[in-house]
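There are structures below to look over.
One chain, chain A, appears in both complexes that follow, with chain B as partner in the first and chain C in the second.
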Partner chain A sequence: MTRARRIAAPLLFFGGLVVLWEAAVRRSGDFALFPCPSGIAEAAFRRLNDGTLISAATGSLGRVLVGFAIGAALGTPLGLAMGLAPPVRRAMGPIVDSLRSVAPIAWIPMALLWLGIRGNAALFVIAYATFFPFVLNTVQAVQLVDRVLVSAARNLGAGRTLMLRGVILPSALPVILTGARISLGFAWGSVIAAELAIGIKVHSGTEAAVGVGQQMVNTLYFHRDVNALVLYMLVIALISLAIDRGLRGAQRALTPWRQT
Partner chain B sequence: MIFAPGGMIHCATMAAPTPAQTLPLTGEPAIRLRRVLRRIEFVPALIVAGLLWQVASVVARNPTILPPPLIVLRAWADLLGGDLLDDVAASLTHLGIGYALGVASGLLLAALAAYSETVEAIVDPMIEVLRPIGAIAWIPLAILMFGVGGGVPIFLIFHAALSPVFVNAFAGIKETDIRLVRAAEALGASRATIVRRVVLPGALPLILAGARLSLGVSWMAMIAAELTGADAGLGWRIFWYQEFFATDKVMAVILTIGLLGYALDSAMRWLQTRVTRHRPQPDDAR
Partner chain C sequence: MTAKIEARGLGKTYVSSRTSAVEALRSVSFAVEPHEFVGVVGPSGCGKSTLLALCAGFTAPSSGELLVDGTPVNGPDPRRGVMFQDYALFPWLTVAGNVEFGPRARGLDKAKRRAIAAHYIALVGLDGFADRYPYELSGGMRQRCALARLLANEPEIWLMDEPLAAVDLQTRSILQDELLRLWGDADDRVRRRAVMFVTHGIDEAVYLSDKVIVLGRRPGQIKEIVAIDLERPRRGRRSSAALNRYVEHIWGLIQDDAARAIVEEKS
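Let's turn to the complex of A and B:
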């Protein structure tokens, strides 16, 4: 297949799909039930103008970043300890494994009880979701460090600090960063889940803690606007793509010695 | 793009491998004792964690805010004789239907995409567009489409399971060693034989890695969907108990979710090592 066809086939297919979609919805005349491309564009325009889209997205993203930072700050040291000291690993491994198997979102009711609805419950879920990928990838990263490098550094008289800073961290960093990328993707998924659950559970009129998830719930139950619903799904996809691409770039920039 | 198993590694697999078959043959009692000790090293950590939990709940001075561990265990024992099994059955039904549909569709799409370049040119970008949306974002639309009930979790699990299986199976099939296929052809193997004896065994490790990843994502999607848009299942039950502020039962259900999720993942891991024993495991590659 030629390059031109490779690019043209999906474009034609999706272009045709959009046109067909629009035509089908117009024919059915049921704009309340079926989303359509023009309606989504209109919803995007309206919600960009009144600022709800931007404030919802920044609200959710802000929470993701804070939760991610908490998860990283707690997960990386534990991962380092588990990776460097086998007894710690054997002791903590089963605990980490079993806690990891609890879907972060399942903690929502307890988090609501502990931290309240004003965004902090979602924060707990995000931190929980990011913590485990950080731990596991850091453990793996430390274990993947080339033993020859460690022995060479030891022979050359490197002390504990130098070993950690000069050998282990630089070679572990690429894998740790991969963990960071997985974590952030995870965090973005969980913030939506958390906000949806909170929004459905607590019909709060408070605009303070509103994120994309709560906006979706409002859209579903109060405005009944399918177009806006699909718009929010597209926004979620765009942000998760941006997160992934951005972190891949960051990974390359931060660890130029290891090409991934 | 291949899903690296980097996010789903088990600490247990990373501990020093102890081949179980050779265990009775090593006569040294000291070595055996040390091995047993290593296996139960997590017990003190577990006790410490339990004590910390107990201390925290004493400090909180409110068993509703943080029920102490023994109360939760008692609630759990109570639930095991009552509602809990129904919820587990409901959740596993959602998971079974959604996961089977998702894996089957993922495999079918991967096979079609590997067979025809036109299908690949359409399906591959479609998956790449759909994947970042993620299962969770479909919840409101799924509630609108199916109403609150079993449809929402099943649809979400289907959606969550599909793309990892597709991506991995497709990569696995594509990575088939062309020399093996040529050799089989030269030896007169039919198309069906080549698919069954060359392509599938070669792709199996990646397919299973995708299936295991799918199961983990599906499990999370299931809980989220049941919390928000179902009328049965473990996720639904959490909020149900929370309405009565029965937090000991909430914690017991959370515990169940963790244990079941762990059991499912372990089963998949066992399957992985069992079926693909002839090749190095991606997880244990070291």
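Let's turn to the complex of A and C:
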């Protein structure tokens, strides 16, 4: 098969599906319940024009990034301490294990109670969701550090600081970054869930705090627009994909010594 | 003159909660004199690597005494440089980064470190590869890099754990000669460092060493310490009749143990 055909064949198939989908919805005539490609395109066009799509996406993404940074900033040091010092591991291990069994979104009511509906509750849930993968991956990463390399560093005269900065951290970094990718996936899932849960009340509140989840609630209860709902779902998927791609790139850039 | 390394009745037993205690070494006594190249050979499971780990200070003896310059070994020391079996290069550092690691640990500033690294990288013949990562190097080049890293710390004692086991035969021959050159095979005796070189290869040990410690297995004990009375420089003279006689003699000492090691490792 030629290169052109290899690319064209799936595109044609996909195009065919879209046409079939459109035709099926038009035939049913029930535009209120079934989304169709032309409707989604129109919804996208409208929401791109009035800026709601961009502001919703950046609103959610901003929350995810801040929450992710908090989770990383708290989780990595704890993971390092637990991985390097067995007493810390024994003390913190059971606490970490029992807390991480609580699904992040189960914290939403508490978070709303403590932090209100302005978006900080979602931030809390995201930080919570990312914290545990960071802790666990860092612990594992530290335990996976090659003992021979530690011996080599000691033999070359490395003190505590150089051992940590020059050996433990760089050799743990690839595993920590893999954990970061998983965390960010969790975070993106959690922000949508959190925003769906708190969204409806925010509608009348501050515009800046409105994310994709809140817009979906808004769309569901006020506009009743199925096409827009599917549009938001697509946006969620696209951002999720972009996040993973971005982190893969970051992983490659930060660990150039890895062959893959 | 005190010996560089002296072992008196050295013993090591590994105790683990899961398995019964394993006696790796029993009452081993020997001396490595200054400027002396000492080979250590023996079949699998004779405690060669344990002996080297003891000298490096990675593990403490269970019995007996181990002295370096007359003082008991107490933990690792950069003056006793180790070259590891599988290179043990830091994969996240380039060749230069690896070679600079020792000077960095000593707290030298960047310019000095650079200069030292450049010097030793050139010495081992890795010019032009300073910015490569270990995964980009062949086995022989990794070995050279490990050697440069060892030399950059200017250790008084070189402890080498089967450093050439993982390269092909031709590369090994070349690296043996390189090692002799760097050690000072053709130079004045006082310029040479004390070396302990653990290897599987009897011919390699004889070719390189001033004396060869022959270990038996289970537990590791010294069978014989064979003085290799061959003229230096030896580079390029790897197949004299005298050399072969030493090889045959040592092979005779460990043949039975080596055969038993194969059977036991299979079972």
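What we mean here is this: the second predicted complex is superposed on the first by the 238 of 260 C-alpha atoms of A that agree within 3 Å, B and C clash if a C-alpha of one lies under 4 Å from a C-alpha of the other, contacts with A are read in each partner's own complex, and residues count from 1 in each chain.
As a working rule, contacts are C-beta pairs under 8 Å (C-beta built on N, C-alpha and C of every residue); 3 or more make two chains touch, one makes a residue touch a chain.
Because the structure is a prediction, the values reported are computed rather than measured.
Participant: Just checking: does A:230 make contact with chain B only, chain C only, both, or neither of them? Give me first, second, both or neither.
Facilitator: first
Participant: Scan A:136 for contacts with chain B and chain C and give back first, second, both or neither.
Facilitator: Only chain B; A:136 stays clear of chain C.
Participant: With the two structures laid over each other on chain A, which partner does A:62 touch: chain B (first), chain C (second), both, or neither?
Facilitator: The answer is neither, since A:62 touches no partner chain.
Participant: Is A:154 in contact with chain B, with chain C, with both, or with neither (first, second, both, neither)?
Facilitator: In the superposition, A:154 contacts chain C only.
Participant: In the overlay, work out which of chain B or chain C sits against more residues of chain A.
Facilitator: When the residues of chain A touched by each partner are counted, B comes out ahead.
Participant: Looking at the overlay, what does A:91 touch: chain B (first), chain C (second), both, or neither?
Facilitator: First partner only.
Participant: Considering only the touch criterion stated at the top, classify A:37 as touching first (chain B), second (chain C), both, or neither.
Facilitator: neither
Participant: Determine, under the contact definition given at the top, whether A:110 touches first (chain B), second (chain C), both, or neither.
Facilitator: First partner only.
Participant: Considering only the defined contacts, which chain A positions touch chain B in the complex?
Facilitator: Result: residues 1, 5-6, 9-10, 13-14, 82, 86-87, 89-99, 101-110, 112-114, 133, 136-137, 139-140, 143-144, 175, 178-179, 182, 186, 188-190, 192-193, 196-197, 200-201, 216-217, 219-220, 226, 229-230, 232-234, 236-238, 240-241, 244 of chain A touch chain B.
Participant: In the complex, go through chain A and note every residue touching chain C.
Facilitator: Chain A reaches chain C through residues 146, 148-149, 151-159, 162, 166-167, 170-171, 173, 255-259.
Participant: Give the list of chain C residues in touch with chain A in this complex.
Facilitator: By the definition above, chain C touches chain A via 56, 58, 75-78, 80-82, 84, 86, 88, 90-93, 101-102, 104-106, 133-135, 149, 153.
Participant: Which chain B residues qualify as touching chain A in the complex?
Facilitator: That would be residues 4, 6-12, 14-16, 38, 41-42, 44-46, 49, 64-66, 117-118, 121-122, 125-126, 129, 132-134, 136-141, 143-144, 219-220, 222-224, 227-228, 234-235, 238-239, 241-242, 247, 250-251, 253-255, 257-262, 265, 286 of chain B.
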